[in-house]
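Chain IDs A, B and C follow the sequence of writing; residue 1 opens each chain.
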Amino acid sequence: MKKSVFFGALTLAGLAAGAAAAGTMDDVKARGKLNCGVSTGLVGFSAPDANGEWGGFDVAVCRAVAAAVLSDPSAVEFVPTTGKTRFTALASGEIDLLARNTTWTFSRDVDLKFEFVGVNYYDGQGFMVPKELGVSSAKELDGATVCIQTGTTTELNLADFFRANNISYEPVPIETNAEAQQQYLAGACDVYTTDASGLAATRATFENPGDHVILPEIISKEPLGPLVRHGDNEWGDVVRWTLNALIAAEEYGITSANIEELSKGTNNPEINRLLGTEGTLGEMLGLDKEWAKRAISAGGNYGEIFAKTIGENTPVGLARGLNAQWTNGGLMYSPPFR
Amino acid sequence: MTTLTDPPKDQFRLSMLLYDTRYRSATIQVIALIAFMLLAAWLISNTAQNLAALGKPIDFGFFKEPASYDINQRLLDYTSRDSHLRAALIGLLNTLVVAVLGCATATVVGIFVGVLRLSHNWLIARLMTVYVEMFRNVPVLLWIVFIMAILIETLPAPRAFRGADAEASMLLGDSVALTNRGVYIPEPLFSRGLGDLHFLGESSLRFNVSLDLVAVLIVLAVGFWVSHIIKKRADRLQEETGVRPATWYLRLGVVLVPLLILLAILGFHLGYPELKGFNFSGGTHLRNSLIALWLALSLYTAAFIAEIVRAGIMAISKGQTEAASALGLRPNRVMGLVILPQALRVIVPPLISQYLNLTKNSSLAIAVGYMDITGTLGGITMNQTGRELECVLLLMLVYLVISLTISAVMNWYNESVKLKER
Amino acid sequence: MSKQIAYVRTEMLPQQAPPSTSVGAIGWMRANLFSGWLNTAITLVSLLVILTIAVEILPWVLSPTWGGTSLNECRELLAAADHGSGACWGVIRERWIQLLFGFYPPELYWRPILAFVLLALALAPILFADKVPAKLLVFSAAYPFIFPWLLWGGMIWGPLAAAAGFVLGAIAYRVVSGAFSSLLGVIAGVVVALLWWLLLSGFITGLLDSILPIGLEPVESRKFGGFMLSITIGVVAIACSLPLGIVLALGRQSDLMIVKYLCVGFIEFIRGVPLITLLFVASTLLNIFMPPGTNFDIILRVLIMVTLFASAYMAEVIRGGLAALPKGQYEGADSLGLNYWQAQRLIIMPQALKISIPGIVSTFIGVFKDTTLVSIIGLLDPLGLSNAIRADANWNGIVWELYGFIALIFFFFCFGMSRYSMYLERKLQTGHR
């Protein structure tokens, strides 16, 4: 008799989930919710608070897309994914968008059939060591024990780097950042390697951050960005240009404080086009005029999001570095809205 | 179905498929088979369609690609340039290592605890009950991460051993180092070793066999065989004359003396671990991940085995103990000669399923970063190549083969200890 | 030999109290703790172990950090109280609700609570058959439909339609088996129920939903987390695996060769692979096996795989129950002229299931503990949540408090259930010894 629990649940879920075959955008609109894959927990990038509200740098991208498409930044279902499950979750249509500090690589883009829509954080793999070891370069790490987070490109880069420099090492693979941090602090490994942003974030939460140094070598390029399924170009465009809108907004000085004022119309036609007071950019995307305005109001422009979640005044304390606007010597460069 | 007389030669009617018991079972079976085949066909066609849509046809070619990741714990040589297949093989061996170690330890601890739970000492009996309940009622995954955390947090880091007034020091005359990266113990070395035999050339399945080890094993086997003959002779003498000649020194001698001579010829010595640079070098390194997994799995399973042993002992009627005592056997001989051999018959079948459970639970190794087959084939390889179907199916197949092998071996053993009823 | 006797006692001596070393606390200790040098040594070593552990752990547990709102604040509180190292209980104060309910909407907490209270009520007539009126069994039969409705919410018509399928199937069975054979009746029942579920029920529930929208606010399964998720997975898996397990056990015992080998193959396959590989299937492959375009969420996929997993173990438990029945029961049923299904329903199953209850309870404990594995595929069960909590900047670096809390709750549940199953075993054993 109790088989019905299964059938009951099946029908309920069938109603809730819907099919993924149609265009993702139509699905999202019909559902009224955006399913966004995030990390199960990474300081500053995505973590749930005590009320179950997700927050962080990657989470902000999800919220901006939800605001643009569904007019509601809170219309997001956050699906926590691990390094292992993230790609299948996206490929199977369980999530519409993956914003989980994922490195844009050739094989992921081409072989795994995904589409990276841009870069929201330029990162690189670095090393952190305790100061007392007196190490000043990664090349001095011969024989060291290295903690690595598995399921990422990190372990591949590491193997390549040590092999290329002919240095021996002992890898200690670890599932989550929290455990890696615990092992590193206890001295179970000499070095902790992951993306430099993660290192900084981890170091910031130490009792004595000053006792640890991040080595100058950055051994890889890690452009992290949101990605969608390959082949659904309309949806890809929406996510790509939402991200670009956030970046462009910072460049043009549109902030969550002055956006209402600016959206009444300005002398700058680019701002006007972006905020929908001029031109028909929104309709071209299949959205309404004010899509970008909503996306920017959701959490502020790129710079504001950065400052709020991982910037220098947060516990994570990351400098803008490569992620500054191109006008300030960084790599953040949105194509023109025209 | 054979009958002595010919069945009545009725005209076959279709309704007989349903009403005639001779045909009905065939009908049901055919329906079941068709339903099963339809289900399988449905699943396979779905899979084929989905894979075609994803553009990922089933292809095991990725096994030949370089794995590009390093594995710390390995029994065979391996570098990051080796293939995914070799990485899977290394993982498989690691699974087997922890399963064998775990089963052995769990059995010893389990029997010990099970016997102690029946002890007359109130305190130790209660203490063992607390141990059993504590381990049985908390998930094994929690125990694995818990023990790993204990090892990491309580043992000293290698750098604590450095310097003149080091905080930590090595044990047993500077031969064993307990660190939070693992335990370093002396390793056996041969200065006049016989070298290795290499098998299978450069293929992914290549392996080496140390001739030293082979020689030692042969000498040991011969020694034990001779010792067994001596024991047989002593048994015969005892039966004939009633007097048992003292043979223990002879039996020890035929095992030990040739072994010692061989070791001397091969130039046997111990390689001690030594703090060099960041880590200890030399010696054998038992990594924390292995130790945590090993301890957690064996302590967890031992709690179940203890219950099985206790139940087995309690299943033997008290008359057996009393009869044995009446014969004048001392309590430990009663246990060893009368109770345990009988209890074994009750104990072995559930013990098999505990061994199976332990082996299957070893797949939780990824929680502490021990690179077993789930960590290599089902972990990094699957992750880097994106070949979920191939990896997961192969992973299941490997575990299935391991499980069936354990069942077969243990069932064979069970048959051999079973009461031979006449 | 002189005949003189110097002294003869003529009256009994008054009874003396036993020596103080053999009665009371001392006597007990001598008998139970110090009855020989080995026992004494064991006792002393045990005492030493207990004391060391207590000295190590107690000060850590009794730390005045209940009010801390972050790890740093805890450290300050500890320093202020001059306490040395200690636990940071603030994290439990802040997050215990989350560890219990996950992300379930707080205003709807009454629903899972009610569901689990009702679960106890529904199980009572089965678990404590002698103390609870059997009329409650009607509620037990209805409960499988109430449980998902309470947890997931939605219109009431969905669960009702699912229940209606069973009713329709039963009616069809009655009608057809009355008119034709019982085998045809079983087939007709299954076909009618399937037709109803697959074709009609969707349309009719849709219609009813629009006419009479009675229901609870729907909650998506990804809001489930913490212990609520563990219990839900455990309960659903065991409840669904019970009928599957019965079918598999009967199949394994049957004389029909093909059916038997199919069942044996399934059971041995599931029991031969670790749960984690089945969870990998749930997280990565199950969608590939389904028709293109099907997509149901990860928790449902996990439920399906855990159910399959549990059903193999359940089949073995029930097979044990069947094997424990004396052969006379089967022969008695045959001699009454009952056919296979009647014998199973009226004679065999009620007895076999009753003896299987302890085994079913321990299967449930096993499945419940194994639900922690879902953290490996990224679901936020208590263990997964502990990682997510440690990713919060405030609580980064916390280890023992969370593990301890989770372990304690698991212990509480599992220990209670195992005691129950032992009580039951004792009750069932009377008469056999």
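One rule holds for everything that comes next: a contact is a pair of C-beta atoms (placed from the backbone, for glycine too) under 8 Å apart; a residue touches a chain by one contact, two chains touch by 3 or more.
Quick caveat: nothing in here was measured; it's all calculated off a predicted structure.
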If we define chain centres by averaging CA atoms, which chain lands farthest from chain B? Would you check?
A
If you tally the C-beta contacts for A-B and for A-C, which one comes out higher?
A-C
Once you find the CA centre of chain B and the CA centre of chain C, what distance in Å lies between them?
28
Note: chain B sits from chain A at a C-alpha centroid distance in Å of 42
CA centroids of chain A and chain C: separation to the nearest Å works out as 38
Counting only residues that touch at least two other chains, what does the list for chain C look like?
284, 287-288, 292, 376, 399
The positions of chain A in contact with two or more other chains are 84, 88, 175, 179, 182
Could you list which residues of chain B touch at least two other chains?
54, 145, 149, 153, 366-367, 382, 388
Within the complex, chain A is touched by chain C residues 71-72, 75, 94-95, 98, 102-103, 106, 141, 144-145, 147-149, 152, 154, 158-159, 161-163, 165-166, 197, 201-202, 205, 218, 220-223, 225, 236, 239-240, 242-244, 283-284, 287-288, 292-298, 300, 303-304, 307, 376-380, 384, 387-393, 396-397, 399
Spell out the residues on chain A that touch chain B in their complex, using ranges where they run on.
83-84, 87-88, 91, 107, 111-113, 132-133, 141-145, 150-151, 155-156, 158-160, 162-163, 169-175, 179, 182-183, 186-190
Which chain C residues qualify as touching chain B in the complex?
32-33, 35, 39, 42-43, 46-47, 49-50, 181, 183-184, 255-259, 262, 268-269, 271-277, 280-281, 284-285, 287-292, 365, 369-373, 375-376, 383, 399-400, 403, 406-407, 410-411, 414-415, 418
Chain C-facing residues of chain B, complex:
18-19, 24-25, 28-29, 32-33, 36, 43, 46-47, 49-51, 53-54, 119-124, 127, 133-134, 136-142, 145-146, 149, 153, 356, 360-361, 363-364, 366-367, 374, 378, 382, 388-389, 392, 395-396, 399-400, 403-404
If you look only at chain A, which of its residues touch chain C in the complex?
1-21, 39-44, 46-52, 77, 79-82, 84-85, 88-89, 92-94, 175-179, 181-182, 185, 202, 204-207, 314-316
